[in-house]
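What follows is a group of structures, each given as structure tokens.
Here come two complexes built around subunit A, the first alongside subunit B, the second alongside subunit C.
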Partner chain A sequence: MAAGVLPRVRQVLRSPRLVSAVFSCHGQTFSSAAAAPDTAATEKILNFPLTQPDYFHLSELFTIKDLFEARVHLGHKKGCRHRLMEPYLFGSRLDTDIIDLEQTAEHLQRALNFTAHVAYRGGIILFVSRRRQFGHLIETTARECGEYAHTRYWKGGLLTNASIQYSPGVRLPDLILFFSTLNNVFQQHVGIRDAAKMNIPTMGIVDSNCNPSLITYPVPGNDDTPVAMEMYCRLFKMTINRAKDKRRQMELLKGISASV
Partner chain B sequence: MAASGCRGVRSILWKYGSCGKNFCLSRSKTVPQLPVRQICVSSSLWKKNLAAAGPQKFTQEFIDKQVEEFEIGKRHLANMMGEDPETFTQEDIDRSIAYLFPSGLFEKRARPVMKHPDEIFPKQTAVQWDAEGRPFHFLFYTGRQSYYSLLHDVYEKILAMERHQDKMRNKGLFASETKQILLTGSRWQLKEEIEEYLVENISDHGYMRLIQLLEKLLSMPYCSLEEDFILKFRKQLEVQSSKHEIPALQHDPQGVAFSVADGRRKTAKASITLRDSGSGNITINGRNYLHCFPLLQDREQLMFPLHFVGMLGRFDVEGSVEGSGHSAQAGALRLAISRALLSFVSEGEVERMRQAGLLTADPRIRERKKPGQEGARKKFTWKKR
Partner chain C sequence: MASLCKVMRNVSSRSSLLQKHCVCITHRSLYSSDASGGDDKSPERAKGGFAAAYELHSDLQQRGDQSAARRMSSRDETSFASLLRHSALMQMGPAKEKVVIGKIFHIVNDDLYIDFGGKFHCVCKRPPTDGQKYQRGSRVRLRLEDMELTSRFLGATIDTTLLEADATLMGLIESKDTKTKE
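And then the complex of A and B:
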């Protein structure tokens, strides 16, 4: 039980620090939510969720059995294995790498928790993937959450040269979710490096042939099977909707208590 | 001088610094080593990079002010011209400006103009995000939101159609010979037209991809469900024969039907009156055509339109022609006869005549002689040395 408490405590210590660090070193003007809160109520709304380990109760969204049934544990063959993915692998069976679902569950919980907090604070979330098979699914998921998607050809300076690519004064995404970290030529997606350059936290579903180094919240898992992708999309959509609903609820309560 | 002075200061400080090292460590803190930086003084730093700024951007307030000034100016102009300010249209404005500021400039665009600011200032894309900075469109970060959202919608329709097909198959109501969309007489919109529709630039590859997706949608059995959507991307081709102006059929006091038409070829101008009297005479410039055109080729040109529609002996041709040579005059007369015939002939015959080339004016004119050459194309004798 003590062993179980410790990672949760570490999680608590990690998330507020990281969140505050992210919002302070993200050079662009950030959301009004993160700007200097004027009243104690707004401060409470923003800071109280950070004190809880699982404020949005995301651990009830999935179990290891669900991950197994969605074939999340299936990796690529031994020849495609990336050196840096070896700690996340449980083993290999008939040359196929098997991803350790206990580690996946931990990482996924952390990633979902971070996503929920970002969505709660009104951050912009960008869904990225370069797999043509799932492009439409990801765009639909993003639209249903009220967030943004980019499943097309990534132009060079989208993040690094944003004021010229779009208009001056554009707000960059606060979190980028990579549903597949490779592009169509099996190289690492340019967005990972660019997000790291622009201090934007990233989440990535890393398969056994991907490089998890630059990603802030890697989630080792299968990114080739439709069942697995549908599950990830469903989980992230539910997380973001839950977080936004919670925020709206808190704002309403604040409105009611202020009027009272 | 400043640089040398700087160096002097630096040498003094260096001496102090080196002396400072002989003392205890606390001494070195009192004389800090100032780093010497060469400050770049070239003008390229403070001059505005005009090329990089891009096209000039106008703020919404500026445009609103311009619109207000335009409205006030319009009323002043109406009062000046003594007309009613309420019913002063753009044509009236153009007329008044042309009257008040007469200009002999050939270039129409250089003349003074008074138009609504929306027509003068180029259309700029409005701000694409709300007060909190969140963009409105979910594909904003791709850079080409309209184009990609169009692809997304077309793919969505394809998927919906496949699901519909499966449902019909499950119910056993699948029919492969369903209503097809009529595509004859229309073409896919060009890349430029789609760019105008989307207000965005597309690459050639992107355009091809869009057309491929639309073709895929068309190839499915139940494509008639999305007929309206697909026809938005098809442009109707005009039927060529409907463009021809058919001269009005007039009637003599005697009741004889006749029509008048003109024709031109090179510098020859011809005018023809075709009378439905039933004799088959041809009179040019008051003389019989045999006298005007002794050459058989020219007379054949005159006959061809009547021979083509099979009404050789029906009409009386009376015409006048001037300018150019005999062959051009014959060609001008032929065109004039064909045009006059349009009022006596049916729609299908008009199309037949158009396809025979009877109604097309020959655009060839004499090419000018160029300096340094003998004629239009002939060059002077080329000498190797």
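And then the complex of A and C:
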């Protein structure tokens, strides 16, 4: 399905964006193409944010009350529960699982912080979800923050066979955000396993029937209610825009042209 | 002793302000023979459904404000456990036969997709009476059956879920605008 496929991934690496060596080393052979930071100023721009715990002030973006009002704490019924989600549950009320928002808030803070750092360093972020109800919402969110989305049928070798299916030397995403980790037949999305194979960090909104094991930054929360999904999309969009604006600001301050 | 009696009478006359059971206990401790009427602290709980849940919730909030407002710190009020404890969903109890208000957010021909504040929406058929009044944004009354339709089939390890709630449509909410127009 060519229509739903990443539009800008097939870039030949003439002008590489700075890929952080700290986060991931891809299986692709572009070690020669990744330019090392030359000046001390560029190094400072890149390394200083890593020393701060909350450089982008993301803790002010949401509170537990906001998550509560967006119905993030509601899980599925007890019979649908995945065994590995039990640590993230507050309890079960009349057979409905309730997700612990104190834990969710910590996980969400970590996920947003990581996303902000990836966006700050010019990484490619891919929004993935197979929920048809929220496909349009996720595509518009990705467009509004200048990143990519894939909400259609996931072809087999999209990540693992990219150099043959697209062109050799294609750049893969640096972070994949799963807004729902299940596909339409309640199996885990293929992208989670493939991203783990390709050493690409992932963030996933895991509901009480999902498997959080292979996901780098799981965020336990409701993925079925429109209010909750709108909240997540809004939070990630604000994070990415904030990080990109900060980067532009730092570049202007240092007086160097942004390396694209 | 006389002064004590006077104090007790004053106290009993203002019993509407103080909590009834406190007064009764002090009565019993001082005058063992005096048995005041049973402190029936359960008001009209015979009402079922969302009305009772809403009243109970606002009752709790009022009592909480009066007695514990000073004690509760701001951190307690916004902790997840306290938010959950005082939420309408908890106060409601089992979803069977509860009456709630929902809002229609999507319509496909004769199917109305209604959101009532739970995890899932419910889908109801457009009723034959006043069919055209049910549009996007209309508020309706629902009788809930189940918050999520799930069932475990033979040979399955996990429940199969329909990602929908189950409710019966009772009727439109007559808003003040429609009343004044008529």
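Brief remarks follow.
Operating definition for what follows: the second predicted complex is superposed on the first by the 223 of 260 C-alpha atoms of A that agree within 3 Å, B and C clash if a C-alpha of one lies under 4 Å from a C-alpha of the other, contacts with A are read in each partner's own complex, and residues count from 1 in each chain.
The rule is short, and it goes like this: a residue touches a chain if its C-beta (ideal position, glycine included) is under 8 Å from a C-beta of that chain, and two chains touch if they have at least 3 such contacts.
Keep in mind that this is a model prediction, so the values were computed, not measured.
Judged by the touch definition given at the top, the superposed model places A:A142 against subunit B, while subunit C stays out of reach. Of the two partner chains placed around the shared chain by superposition, neither subunit B nor subunit C is touched by A:S163.
By the touch criterion defined above, A:I64 reaches subunit C but does not reach subunit B. Of the two partner chains placed by the overlay, only subunit C lies in contact with A:G79; subunit B stays clear of it. When the two complexes are overlaid on their common chain A, residue A:T96 makes contact with subunit C while staying clear of subunit B. Legend: residue contacts after superposition of the two complexes on their common chain; A:I124 is shown touching subunit B, with no touch to subunit C. Across the interface of their complex, subunit A is touched by residues 78-81, 83-84, 87, 89-90, 93-95, 105, 115, 117-120, 147-148, 150, 152, 158-161, 163 of subunit C.
Within the complex formed with subunit A, the subunit B residues making contact are 127-129, 132-135, 138-144, 148, 152, 155-156, 159. Across the complex, subunit A meets subunit C through its residues 63-65, 68, 71, 73-77, 79-80, 82, 90, 93-94, 96, 98, 100-102, 186, 209, 222, 224-226.
Listing the residues of subunit A that touch subunit B in their complex gives 29, 31-32, 122, 124, 126, 136, 139-140, 142-143, 146-150, 152, 155, 158, 165-167, 170-171, 173.
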